[in-house]
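After this come two complexes, each holding subunit A, first together with subunit B and then together with subunit C.
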Partner chain A sequence: MATTNLGFIVQRPPYKSENPKLALTHAIASQSVEVYLEDGDIVTCDIAFVGDGVLNCLKDQKAADIYGLTSTETQVKMALLLDINVLICKEDLDRFGLSEDDIVIDAEEFGADIETKVVPYAEIAAMMEESKHLLFF
Partner chain B sequence: MADLKSQAPTQTLDVLGRVCPFPLVLTKKTIEKAEPGTLLKVLCDAPASAEDTIPKYCEKNNYPYELIKIEDKGYWEIYIKKS
Partner chain C sequence: MKLAVFVSDYRLTVDTLDRLTADKLGIILVGNGVYHASIKDKGKASSLLDKSAEFYALSEDLDSRGLGSKDIADNVKVVNYAGVVDLIFNDYEKLAWL
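For the complex of A and B:
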């Protein structure tokens, strides 16, 4: 029996590249791989938004209107729906002049039980230390 | 497989229109929260989830289940008993 902790680190802004969406898609998909593992083996995952990556968590994105795409806002909410631990770097939000009012905090409309966490970078660094595998996007 | 279809479900989970892996993960989440003895009916139109991952999840956890394909509507009804 083993637990594999995956840490997804998103550093790029949304759109004009697939990276942030790939991170979210892979994090979400990681929640279903247990059915293919040995009995008792489990996978947990955390996803952290740092640097320009915090922009993926902005509220009221107009991706569908502008690009005809699902927004990263919706994908962050889907991650919350699936109980994925979503961390957002506080220092980087401050750097952009953003506050918690500007970003996705909950996904109550989808029935999610948990919220995103705005945390100092030190907490994200601690999560990275604890992760067995780190994936940078 | 157990004869679950003939019993009245305690709870229904509608994941129609959701693609893999959402049906599995939402089923897992619902089952984890449910009381033992709950009979969950899942409505699912994602083939990989209905025919592969949800049955595998039930087998791994020893939850009796019954899978019924509703041909004319193009979705599956999955009855899962939380033991």
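For the complex of A and C:
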């Protein structure tokens, strides 16, 4: 019986490249790999937004209307629905003058039980140390 | 020369804009370039906005990123796709894309 911890770090803003979207897609997909695992083995997943990456978490994104794409806002909410630990760097939000009012906090409309966590970078660094595999996007 | 430059990145590691000269310079913020119009870093607006130019930001790219028309810098005019087309055909002679 083993637990594999995955850590996804998103450091770029959304849409211009596929990077942030890939991070979210892979993080979400990691929660559906049970069929490939031995009984009792599990994969846990944390996703952290740092630097310019915190801009992925802004509310009221209208990418679906304008680009015909699932917004990163929706993908963050899907991650919450799957109980993925979503961390957002407090120092970087402060740097941009953003508060919790500006970003995705919960996904109640999807039935998610957990919320994003605005945390000091030190907590994200601790998550990275505990992760078995780290993936930077 | 009337030059319009599309800026589609937020961070610009090489400031090509400084090397461009034009009698009339327009900077059209699109894609991730629209963050220059709205996001403040450590309380300061993007240094890009200090340049001597006419600034425009594409409303559709602002909306898609959750920025809308709020907190747009005073010297930036928000335009839609049709407005950008008008700029290209009526206001500028050449275009560059950064």
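Definition applied: the second predicted complex is superposed on the first by the 137 of 137 C-alpha atoms of A that agree within 3 Å, B and C clash if a C-alpha of one lies under 4 Å from a C-alpha of the other, contacts with A are read in each partner's own complex, and residues count from 1 in each chain.
In this section, contacts are C-beta pairs under 8 Å (C-beta built on N, C-alpha and C of every residue); 3 or more make two chains touch, one makes a residue touch a chain.
None of the values given here were measured: they were computed from a predicted structure.
After superposition on subunit A, the partners subunit B and subunit C are accommodated together without colliding.
When both complexes are overlaid on chain A, the residue A:N19 reaches neither subunit B nor subunit C. In the superposed model, A:E73 lies in contact with subunit C only, and not with subunit B. In the overlay built on the shared chain, the residue A:K59 is in contact with subunit C alone; subunit B does not reach it. In the superposition on chain A, A:S32 makes contact with subunit B only, while subunit C stays out of contact range. Counted by residues of subunit A touched, the larger count belongs to C, out of subunit B and subunit C. Of the two partner chains, subunit B is the only one touched by A:D83; subunit C is not. Once the two complexes are laid on top of each other via chain A, the angle at subunit A between subunit B and subunit C, using C-alpha centres, comes to 130°, given in steps of 10.
Overlay on chain A (Cα): least separation between subunit B and subunit C is 23 Å. By the touch criterion given at the top, residues 20-22, 24-26, 29, 53, 56-57, 60 of subunit B touch subunit A in their complex.
Residues 8-11, 31-32, 35, 39-43, 60-61, 63-68 of subunit C are the ones that touch subunit A when the two sit in their complex. Within the complex formed with subunit B, the residues of subunit A that make contact are 28-29, 31-32, 34-36, 39, 78, 81-83. Considering their complex, residues 13-16, 52, 55, 58-63, 65-67, 71, 73, 95-97 of subunit A touch subunit C.
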